[in-house]
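Down below are the structures I want you to see.
The two complexes that follow have chain A in common; it is paired with chain B in the first and with chain C in the second.
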Partner chain A sequence: MKYVPLIWSGIWRKRGRSILIMLQVLIAFLLFGLLQGMKSGIDQAIAETRADILIVHGRQGMAESLPLAHLPGIRAIPGVKAVYIQNFLVGAYQKPTQQILADAIDPNPTWAQYPGLVVSKADLEAMTRTRTGALASVTLARKYSWKVGDRIPLKSGLRQKDGSSDWTFEIVGTFAETEHLGLDEAILINNGYLNEARADGGQNTVHHYIVLADDPRQVSAVAQAIDDHFANSVDETRTEPLREYAQSSFQSLGDLNFVVRSVVGAVFFALLFAVGAMMMQSLHERTPELAVLKTLGFSDHKIFWIILLETSVLCVVAALLGLGCAALIFPLARSYLHGVSMPYTVLAAGIGLAVVLALISAALPAWRGMRLQVAEALAAR
Partner chain B sequence: MKTFKQFIALLQLSSSGLRYRLGAVLVTIIGTSCVVGVLISMLSMGTGARAMVMQNARADRALVLSHGAQGNFDSNLARNVVPIIADMPGIKQDVDGKPLAYAAVMVIAEGHKRIDDARANFALLGVGDKFLAVHPEFHLTAGRMFQSGVRELIAGKSRHELFKNFEIGDHVRLRGNDWTVVGHFEAGGFLDGSLLADAPTVMSAFENSSFNTVTVMLESTTAFEKLRAALKASPSIDVDVRREIDVMRELSKQLSGVMDFVGYFVGATMAIGATLGAVNAMYAIVDSRKREIATLRAIGFGVWPVILAVLTEALVLVLPGAVIGALAAWVLFNGHVVSPGGMSFTLSVTPGLVALGIGWALAMGLMGGLLPALRAAGVSVANALRAT
Partner chain C sequence: MASVLSFKDVSKSYKRGKENVAVLDHFNLEIAENDFVAVMGPSGSGKTTLLNLIGGLDRPSSGEVTVAGERLDLLSGSGLSHWRARHVGFIFQFYNLMPTLSAERNVELPLLLTSLSAGERRRKVAAALELVGLCDRGKHKPGELSGGEQQRVAIARALIADPAILVCDEPTGDLDRHTAEEILGLLQTLNRNYRKTIIMVTHDPKAASHASRQLYVDKGRLVDGAAQAVA
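Let's turn to the complex of A and B:
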């Protein structure tokens, strides 16, 4: 403890320089926090994706639709708790830039247990009663001030049988999502209505099925069973756990890993030199002082540790400030990457990195300080 | 004149002393090269994407979409409006007097990348028979053209190079049907990422009853207004028409917007850090030359030559860093093919980007040198000479 004042005065010996170097470290760790946080956040979001959900789509991928007739077959597979159909209609509300996603579903009571979605039985029943009925997400309902009974016209690229591209839905209730499902700006509509009215030949098909499994540990077996069931049929399926699906869709963002690693690498390479050079300069200026300390009886090792500690304190404090700034800025990035938050592991990794940075950059100056010859150092004056 | 002479003398002095201040010099050079290297590398992605999209985009080619459509996919043109559009004035005609226009239908296909088996979506375009005349930049690189009425397709350059199972003779299963790959093509630009087939065959296989777009070759770049006015005036159709070059420019903005934002953000943040490093380094240099500067001031050197000399030194120090950074980015990434999602383009480190990097570095040098230069100018002669 008695060395604290010594280290403290060492850091503030040249105030301007220390503040500049701390700012530099701060900015480097701000960048580290944001980039690494983004990457780790995505990994975490994938890991937190519910393990008991499967997605069933055509063998050729999401581009291919499946027949509605697969529904009973999938439902009959052992281990399947519930099956949901999903079809989509995209339409513009009022003006072309206000695109709204209409998710066509079968509003049966099992939707009340759909993971991550809050919807009341009464609203589902209302939807069943009204053919053109729709449930709006609470976000959309608030955005456009929709009330139950409002009629919502959507202009879509998908035409109706009568040639019209205008679809009108009647709001009969609302729903909310508690996990990111991509339905935050969507409405739920009756697939029965869409199926009958569409003119594009997509009758009796679905975009994909969502399957809820009884046991999260059995998802691979259930997936295999579903695909086996439809093997060699005209519409072969491919069933994937949602987690794997999320993984492959994030992968399409590009090689994020490589970008993050390169940028962080370049930043720290430059920082290593900056901190190292600053410590060398500082040591050079303090040669007489260190000689005096040695004369007073400080051992070589103590000098070594004092210099290392001084650098570490400076780096770690600045790194913590930088990571703190990153944590403050992070929520802004969430509007681009839904459901991603900055994990605590990034904080720990950042502190570790700061210590490593300090140790490497201070190693040479500290070693020099340790090997300092009192007579020579004082004589140089 | 005196100022200039003094300035030159100061520069000579500082350059002769550089090797004694190796630490500060290295910090500046390495800091700058890292910033410039990262900035150029990240921006080369957006530049590459833009170049890919804009290549062969023409001002005398136009795209007709249904009214209000945001892009190809949500556009919808009924079969019967296609001949009406093709008969509009302003559209170039071939020797037989037929309009150079074709309707295209677009469906989504999927493939697996060679490199990591990752899945990606891309377009299968069903095109009409005037396609070749409207796209003179198109040429087959292998195999033959698809025939109409048969399930045959040809794959664009980046499609077959980056994805599995698009070799000639391969069978591709789409919506329950087998399609045979019969050729490879190159058109330079966005088309290279797609598969092409005969429009009626695609429409019947995918049970699609309408087209997405009509592409027309214009008589000249100025004929666009004529076509647009005629389409507007026609009571039987409700469509929008846009120049291909404008459509592509917008597309490239969407593509490179995010990449450019990330590039500039990271580049700017790193630049702030490195500028702080340069400030520190220049302060160290000025501090170690305090006596020297005071002596010069004492024998009659002015304030301005001192300020200019320090600023120039900062600028000269960042230049090699900028060159190293640009060179590293060029060696490591120029010509590197990346394929985020279903697209594919080459990273390109253009002279413009290098110039931007050097400008960026010079700005850093200027900012980094300013405060130290002022300190050097403010050195109190008496104090500096008295101090040991």
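Let's turn to the complex of A and C:
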């Protein structure tokens, strides 16, 4: 601690240059924080995806719907605990900007066990009783001050058989998420009502099925059994564990690993030279001062560590600021990638990287400072 | 009086390109404790090299250098650093203060090498600055001080670890006559009242006259009959 003022004064000897270098390091670590944070956050989100859930969709992909008639067949596969149908309707509430997702479900009691969803049996029963009934997410209900009995109009691109694009639902209860399902701005509606009223010819189809397996270790076997069951039918299925599905969805964004490594690698390589050059320049300017320190009795090793610490403090402080900025900006990225948060390991890795950067870029200047001959340095003044 | 410094047959040469340049040539010298010695001589005569050897900043090519009871020619680099921190204080012509540190922090530098607490270091710094008459200038940076004040800070820094020997390289070379007299008076006080052995290189005969004896160096040797006490 007693060397802190000496190290600090060394950093700020040329204020302008130090600020510029700190800005370089800050921006590099901001980039690192965002990219690495996003990558690690996605990895973490994928790893946290439940292992006992499967998604069943058309063989050609999510754009292909499946017949509702597949439901009993899927339910009968050994190892299947529960099956949930998933259909969607998207509509604007009062303004075009107030887009709401209406997730069409079969409100049977098994929904009370849907992973990550908290919904009461009473509310499910109320929905069963009310054909146009809807359960609003707690977030939406709070946002628009909805209460049970309110009638909610949604203007959708999906028309009803009577030609109307206005769909009206009656709020009969609420639900909440305990893990991210993408339903925080959604309502749950009766698939029966949607199925009957829609005019697009999509009657008796579902967008996809969600399957809950008895045993997470058996999901691959269950997936295979489902696909085998519908093989050679008109509507063949493709069943994937939700974790694999999430992974392939994120991969469709591009090879994040490659992007992160390339960008971060290039930036740090350039930074290494920038910080190294600055330290060499600083050492050159401060040769007489280092010689004086040696004259006062500072050993070669102390000089080495002082230069190394100076660079480390500069790099770590700037890196922390950069990572801090990344943490502040990160919530913006979250709006595009739901469920992704910056893990603390990214902060730790960033600090580690800053120290490595400092050690490598300061090694040569520190070594030269250590080897400085006092008599020659003083004579050169 | 006991000898604090002894040079026995000391030679020092430097490589300049392929050439070997002899700076000190079989140099012999004894300096007693509490002496105030002025070293004079023309440029390139070897005065600064002599000072560097006395201060443990350099090693002789041959011969024995004993200062404050230690054979400096036998010490390693880290051994010399450790020895310098305890036994010798340096005062330079251009003060050589850290421009980004306050006067207090500059004076404190040698104490960073000790195990003293922050409080003890602060007390010693205050006492040293008071001794050189700068107790109200401790927070100022060197750039905010006059040349005389900067040299006083340098003297306080040289004294702070209580070394037996002060090595001064043209301490008044950058100062006006009046300020130079003040600094020389301060060095005399340190010599007489605080029993510091002072070895001062100077070109200025008036400055040299403040010393108790003068040595003349030329072409790497003591000039015959030069070691005379000044009355």
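Definition applied: the second predicted complex is superposed on the first by the 305 of 381 C-alpha atoms of A that agree within 3 Å, B and C clash if a C-alpha of one lies under 4 Å from a C-alpha of the other, contacts with A are read in each partner's own complex, and residues count from 1 in each chain.
Throughout what follows, a contact is a pair of C-beta atoms (placed from the backbone, for glycine too) under 8 Å apart; a residue touches a chain by one contact, two chains touch by 3 or more.
None of these values were measured; they are calculated from a predicted model.
Applying the stated contact rule after C-alpha superposition, one finds that A:Q224 touches neither chain B nor chain C. Which of chain B and chain C touches more residues of chain A is settled by the count: it is B.
Contacts of A:N204 after superposition: neither chain B nor chain C is touched. Of the two partner chains, chain B is the only one touched by A:L30; chain C is not. Once the two complexes are overlaid on the shared chain, A:Q113 sits clear of chain B and of chain C alike. When the two structures are aligned on the shared chain, A:L293 is found in touch with chain C, with no touch to chain B. Of the two partner chains placed by the overlay, neither chain B nor chain C lies in contact with A:S164.
Of the two partner chains placed by the overlay, neither chain B nor chain C lies in contact with A:T345.
Shared contact residues of chain A with chain B and chain C: none.
Residues 16-17, 20-21, 23-24, 27-28, 30-31, 35, 58-65, 90, 92, 96-97, 99, 155-159, 163, 165, 199-202, 234-235, 248, 251-255, 259, 262-263, 266-267, 269-271, 273-274, 276-278, 280-281, 336 of chain A are the ones that touch chain B when the two sit in their complex.
Of all the residues in chain B, the ones that touch chain A in their complex are 23-24, 26-27, 30-31, 34-35, 37-38, 41-42, 66, 68-70, 73-76, 78, 107-110, 116, 118-121, 173-176, 206-210, 258, 266, 269-270, 272-274, 276-277, 279-281, 283-284, 338, 340-342. By the touch criterion given at the top, residues 2-3, 5-6, 9-10, 12-13, 288-289, 292-302, 374-375, 378-379, 381 of chain A touch chain C in their complex.
Against chain A, in their complex, chain C makes its touches with residues 48-49, 52, 55, 57-58, 77-78, 81-86, 90, 92, 94, 96, 98-101, 105, 109-110, 112-113, 118, 121, 157, 161.
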